[in-house]
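Here the structure comes first, spelled out in structure tokens, and everything after it is commentary.
Naming follows writing order (A, B and C), and every chain is counted from residue 1.
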Amino acid sequence: MFSLIQIETYKIFRRPRTYIAFAAITSLIVLIQFGLKVDGKSYLDFMLNDLSTTLQIEGNIMNGYLVCYVMLQLLLVHVPLLIALIAADMISGEANMGTLRLLLTKPFSRTQLMLSKFIASTIYTLLLLIWLAFLALFVSMWIFGTDDMFLMKSSYVVLLKENDVFWRYIGAFVFAALAMTTVAALGFLLSVFAENSIGPIVATMSVIIFFTILSTLNIPIFNTVKPYLFTTHMISWKEFFDIQVNDANEAINGSIQNLPKILQSAAILLIHIVVFVWAAIWVFRKKDILS
Amino acid sequence: MVPMQDIITVNNLSKKFRNLKAVDNISFTVREGDVYGFLGQNGAGKSTTIRMLLTLIEPDAGDISLFGLSLARHRHEILRQVGAVIEKPDVYKYLSAYDNLKLFARLSGIKPTEQQIREQLAMVGLADRAADKVKTFSQGMKQRLGIAIALVHDPALIILDEPTNGLDPQGIADIRNLILHLSRDRNKTVLVSSHLLTEIEQVATRLIIIDKGKKLVEGAAADLFDPAQTLVSLDTLNNQQAMEQLANGPWAGALQPQRDGQIYLKLHRNQVPQLHAYLVQAGIPVLALQPRHSLEDYFLQVTSGKQYVQSYTN
Amino acid sequence: MRKIWIMIVLLIIGVSSHAQDMTALVLKVKEKLDQVNDYEAEGRMKTDVAFIKAPIGKVKVYFRKPDRFRLKKDGGISLLPKGGVSVNIGSLVATQNFMALGAGEAVVDGIATKVVKLLPSDENSDVVLTTMYIDEANLLVRKAVTTTKENGTYEVQMSYGKFAQYGLPDKVIFSFNTKNYKLPKGLTLEFDDNEKPATEAEKLKNRKGRVEIRYTNYTINKGLPDSVFK
């Protein structure tokens, strides 16, 4: 099993396609960093427009911590597409290439193969996120410096002390890993049903985009379905950056406003992963390989 | 002498795809040391049967045993001793020949040394292309790499599904020689499927012919046909006269039933010139005297003269 | 007719003499504050605005006569009411150009105070009107409400302790009006629509903001380099 995981991981990282995702993330991040470095002030002025009529805001607002947050907001919508590129190709890609039949005549069970393939896609997902964290967080910290994190939410603002931010990013990235693994699991499930690469990739992307749009639209009729969409829960990483206040409206360092919400979302995502992977294995075990 | 073991035993195997009976109650046995020909036209059910032997397709009914073990219960043990090329020899195009071979060896549960991998590649003539990505390979090279992969873990049974598909005449001859080498020099049992009758005829010790999912015949090649005996078709200006002449002369024993107005004789290849000389001497003007492959003719008989056999002979 | 003139004259005399009294009081307060040429103070600042979640932060405050004032957060980002915090009593009474009108008496934090309305005579001054609640006995300003042209009205309330002799407060509370804060969810990429409970939503609509600074230490008349006011 371990060598099977090794082999599957090896296969992923020997494919040129794998590096498209890394290149895409790199170029997107560099682009945003460049944009914010050059013109971050106008972006800030725009965001602060409302606030600055009554408040005077001083300090290095556009620091590495905020830059990373801005990027995560943007990128965590796009990264699923990059994950689908690999995860939704795990089975169908081999079926398409014709290697699946040879692979399945080797002395290990289909369940073992499926688990190894899923673990390998998860490793890819995690490495992609680590790369993302490195560029979006550490490189931004290096370019923009660190300071308190001034976060503008839609109905209130949060000011986190500099020494109260980093651990939140660890939490956020761990949560993001869970969210992205859910995407990988979905792509993985869909890849069982096809014998070409494009179908499952497009299907996974479509599901993500469709659900995200439903999650985003603020139309009452959709609001009832929102809690049941996993895309709604994928953005709960943001909750790490909301802080509790005491009765005197003082923010409590090291606190999280809504920890139960994070845990609930995490549990829902975890259930999705288990169900997707289990379904993928169940279907694949019964499948006649005709490719 | 060690008693011959049954390597593959298939009993009453059936598989249906929707309404199509792809394999219909087929039974056969492959013995140790056999080069077992699996013969049938495209769509006859050869690939489905082979895929069931390799657990790629779940049978609807029937038993499969390999090496005396039930395939359903001892899948891993059995598959460790089987090497296969299934239809097109597809491997990872983005990897080199060397890496592909190493990867599949590890999947088969062995860790070959670099030396062993290079030897294996040399055996199929790919030693100098070891480091090249497979996407640059020709069909024939891929086929040879596929065979190297099937052999890398030194299996006792080798299953080759349509191994000559898409190969040029030289490639076909190479595969034929390889099968003979594996059988004679390395004591492998080989199951080879094909719709190319000449290939089977020249290598198979035993064979099965299936059509529309059903077994038509199974047996030792020697029993089914004598490679030394050739079926000769004869066409003359006056076939009626020729028929009478032959039936009453020394060649009467070789005469076969007439078909399509043509005369058939079964005789040794060496006798063909003598037959020609006899006919000329008897004053019969010969238009054509054509030796035909024996198995093709046999095939013609059992599958009631399918068009594809004709097209192949051309 | 003469009666009327006398009435007017008496009225003018009365009002102006009363006003004169108040100017004297303000000048006395100013005199007390004038002992301090400069100071550097450390304190803890708390921002209490309904829509802001901010932790307590350390601040440093620098002052030099007549009106150099600087509040620095010890690193980090600071949110301050616009123009509000930079106003201190020293600078309020720094110039002679005001009119001080008495407006009765009031009790602030249990202390009896005189209410004084200060009107800057400078047309260009941002301050329109300042109402001061002066503790006459100790010559301390307990509370000041300032209305400005640009930055609305804010209130400064002060408590005194160890440094009362210099007229420097231990605690200052700035109260000011804020506008409603709202950014479109599309901009902040918030998809979840968990409506806040009514009480909390109501709380967010509270438009009164407060910034509270508790001073822990003053360093008085030790001189300050110009660089701190940059």
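Heads up, the rule we're going with is that a residue touches a chain if its C-beta (ideal position, glycine included) is under 8 Å from a C-beta of that chain, and two chains touch if they have at least 3 such contacts.
Since the structure is predicted, the reported quantities are computational estimates derived from the model, not experimental observations.
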item: Touch-based graph of the chains, sorted into line, ring, star, complete or other; value: line
item: Best-connected chain pair, where connection means C-beta pairs in contact; value: A-C
item: Chain closest to the middle [Cα centroid of all protein chains]; value: A
item: Distance from subunit C to subunit B - Cα centre to Cα centre, in angstrom; value: 101
item: Distance between the centres, which are taken as Cα means, of subunit B and subunit A, whole angstrom; value: 53
item: Inter-chain centre distance, subunit A versus subunit C - centres from mean C-alpha coordinates, in Å; value: 48
item: Where subunit A touches two or more other chains at once, by residue number; value: none
item: Subunit A - residues contacting subunit C, complex; value: 47, 50-61, 73-74, 77, 147-148, 150, 152-162, 164, 212, 215-216, 218, 223, 226, 232, 235-236, 238, 242-243, 245, 248-253
item: Parts of subunit A lying in touch with subunit B, wherever the complex brings them together; value: 3-4, 7, 10-11, 14-16, 97-99, 101-109, 286, 288-290
item: In the complex, subunit B residues that touch subunit A; value: 51, 54-58, 75-77, 79-80, 82, 84, 86-88, 90-95, 99, 103-104, 106-109, 149
item: Footprint of subunit A on subunit C - complex, ascending; value: 46-57, 73, 75-83, 151-152, 176-179, 181-193, 196, 204, 209
